[in-house]
Amino acid sequence: MKLLELLGYFNYWVFAIVLTVGLYAVISKANLIKKLIGLSIFQSAVFLMYITMDKVEGGTAPIIQAGVEDQVFSNPLPQVLILTAIVVGVSTLALGLAMVVRIKESYGTIEENEILDAD
Amino acid sequence: MIFIFAVFLLSLLVITAIAIVRTNNLFSAVMLTSIFSLLMAANFFILDAADVALTEAAIGAGVTTVIFLCALALTADRAKPNKERRKVAYGAVGILASLMIYATFDKPPLGDPDAPVHQHVAPWYIEKTPEYMDFPNIVTAVLSSFRGYDTLGEVFVVFAACIGVLFILGVPVPGNAKPAPMQQKKGLHHHLIPQVVGRLIIPFIVLFGLYTQFHGEYGPGGGFQAGAIIATGIILYALLEGESKALQAVPRRVLMGMVIGGALLFGGVGVICMLMGGNFLDYSVLAADPVWGRQLGIIIIEAGVGMTVCGALLSIFHAFASRERAS
Amino acid sequence: MNMYVVVAVAILITMVLALIRALMGPSVYDRVLAVNVFGTKTVLFLSVIAFLYGRPDFLDLALAYALVNMVGILAVLEFVQNRSVKSSEEAADD
Amino acid sequence: MIDLVIDVLSWILLILGGSCVLIGGVGGLRLPNFYTRIHASSLTDTMGNILIFLGLMLQAGFTLATLKLFAVMLFLLLTGPTATYALANAALLSGIKPDTGSTNDDNTEESPK
């Protein structure tokens, strides 16, 4: 079980690293689409953390199998939250991209510093 | 063994994320994003979240890539390298990462059954689902009944995002009044193989979407996944036949009706529950037998969710694609 | 040694090779190729894992990917095609 | 007895399929230019799919799972080559020439024209 414990922390480490990689794209890249991609990576990291929390050792996905007694189920609650969040994530991403498209049409560029210079 | 796979896939996830951020070619960044999504889906599946993995599959493989590519076609596909804020960013990000990794040691390890997450309402949900709903998928039960308020909120967020995209992209393109004579060049008309295979496979995609919709109580699936899968099928039709053909098949009015009708259906079921003497979204009053009432309510609101998601994703796609045609 | 494990390991190694190709490039189409390979490998991996978990009812996931994966690649073809049409028209305008 | 035969058969099929997939991966990585790489990975993909899914089907027996596996295999057989066709076409449209012999490292990171 030592290995499993280490893996538990590994999931959270991956969450931390992916989250900060996304954050890095958001704060350091000037390109607006790049920022949005960074934002969606950030979002995925949060999804990963929630789904990591739902795992129960020896458990299975929370769909009851007919004829099987004494099943241990993983936690359905984080799954519900993330399931809806994925769909909401893609719609809000589309909203951001729509804004970027309009910015491109008005300013002729999608680089943040050039937009600031133009203002 | 399975956990070694998980570590492996998670390492690939980190590498992909770093590669996405490093590249300046937005086109390859989008392609790497779809690899990222595949890896996320595999990880979700390994961590017992079949429903979430199905959602990620339905959204990440088709819709996200298509919307990104439409946006790239309207803007630019290369980012200009800039090194201005790099040092500050490295510093901030490095500090944040080390703080968070330090904090993870206070978390319960993976799979700990005594973790606080597993103590509150979750065991109750798992215990009561067979009794209250009498169907096997606990995720669907929680999604549409126990936590129906959350889902209603999420559906309205999707609705609002769709309206927002239509408002932003609905205005005419500035400084470009020429009609689009190249319209018939759109689509993959002269590519025979995608045409034939696409025509063969679109009905199956829609059929599979409907299966996911109505089998959601018994296996992985539900309105969110079904809406995304059906939307992907129609987007495939739009890619093959040209976007205007797809608009003829499913006109804008129908899409708007689906978006609004789905959201209204969800809210309306809640109000009907109140009128029939229950609480908002308490479906047990819908029929004489409370279990059957709940099942009925869940089927109706899942249909509402599916309609809203499908309509919203398709409206968003058409908003981007028709702007591309006009410019 | 379980037979599913053997196949899963082979698929995972292939995934790594495809990822290396995606990271190396050199052209963007190599990356798209890697995405394609990765997609089919994910379908295989999910099916094998469903059997390894002993829950073959989760094959729905693999089915979803098998149906939907093509859409992304066709979108790439359309993207490239429209761009080449557009650039040739611009050249004709000049 | 019959169980043993089925097990041995699916071992063989799965290992053959796994090695097919692996060979395709190595080919996709090691071959010199784009069109050879696409060739290597798409052909072995198809064969690997068939073998692995046949192996899994033998294990599943006569259940709904077999039907689903068959559907997945069928759809992969349809969509895989189509995707490859679309990809090769896109590459050709954007001006990557299928040259023979030499390595074409001159189109590094060039965004397609």
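Labels A, B, C and D are assigned to the chains in the order they are written; within every chain, residues are numbered from 1.
The rule we apply is simple: contacts are C-beta pairs under 8 Å (C-beta built on N, C-alpha and C of every residue); 3 or more make two chains touch, one makes a residue touch a chain.
Because the structure is a prediction, the values reported are computed rather than measured.
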Chain of greatest Cα-centre distance to subunit A: D
Higher-contact pair (C-beta pairs counted), A-C versus A-B: A-B
Approximate Å spacing (C-alpha centroids) for the pair subunit B, subunit C: 19
Subunit C-subunit D separation of Cα centroids, rounded to whole Å: 10
Residues of subunit A touching at least two other chains: 60-61, 63, 65
Subunit D, residues touching no fewer than two other chains: 75, 79, 82, 86, 89, 109, 111-112
Per-residue overlap in subunit B, given as positions that touch at least 2 other chains: 25, 27-28, 50, 72, 188, 191, 194, 197-198, 201, 204, 219-220
Complete list of chain pairs which touch one another: A-B, A-C, B-C, B-D, C-D
Parts of subunit C lying in touch with subunit B, wherever the complex brings them together: 2, 5, 8, 12, 15-16, 19, 22-23, 25, 28, 31-32, 34-35, 38-39, 42, 45-46, 49, 52-53, 57-58, 60-61, 63-65, 67-72, 74-79, 81-83, 85, 89
Complex interface listing, subunit C residues touching subunit D: 3-4, 6-7, 9-11, 13-15, 17-18, 20-21, 25-30, 32-34, 36-37, 39-41, 43-44, 47-48, 51, 56-57, 59-60, 62-63, 66-67, 69-70, 73-74, 76-77, 79-81, 83-84, 87
Complex contact set, residues of subunit A against subunit C: 60-61, 63, 65
Residues of subunit D that touch subunit C when the two form their complex: 7, 10-11, 14-15, 17-19, 21-22, 24-26, 28-29, 34, 37-38, 41-42, 45, 48-49, 52-53, 55-56, 59-60, 63-65, 68-69, 71-72, 75-76, 79-80, 82-84, 86-87, 89-91, 93-94, 96, 105, 107-113
Subunit C partner contacts - residues on subunit B that touch it in the complex: 1-2, 5, 8-9, 12, 15-16, 19, 25, 27-28, 31-32, 34-35, 38, 41-42, 45-46, 50, 53-54, 57-58, 61-62, 65-66, 69, 72-73, 182, 185-188, 191, 194, 197-198, 201, 204-205, 208, 212, 219-221, 225, 229, 232, 235-236, 239-240, 324
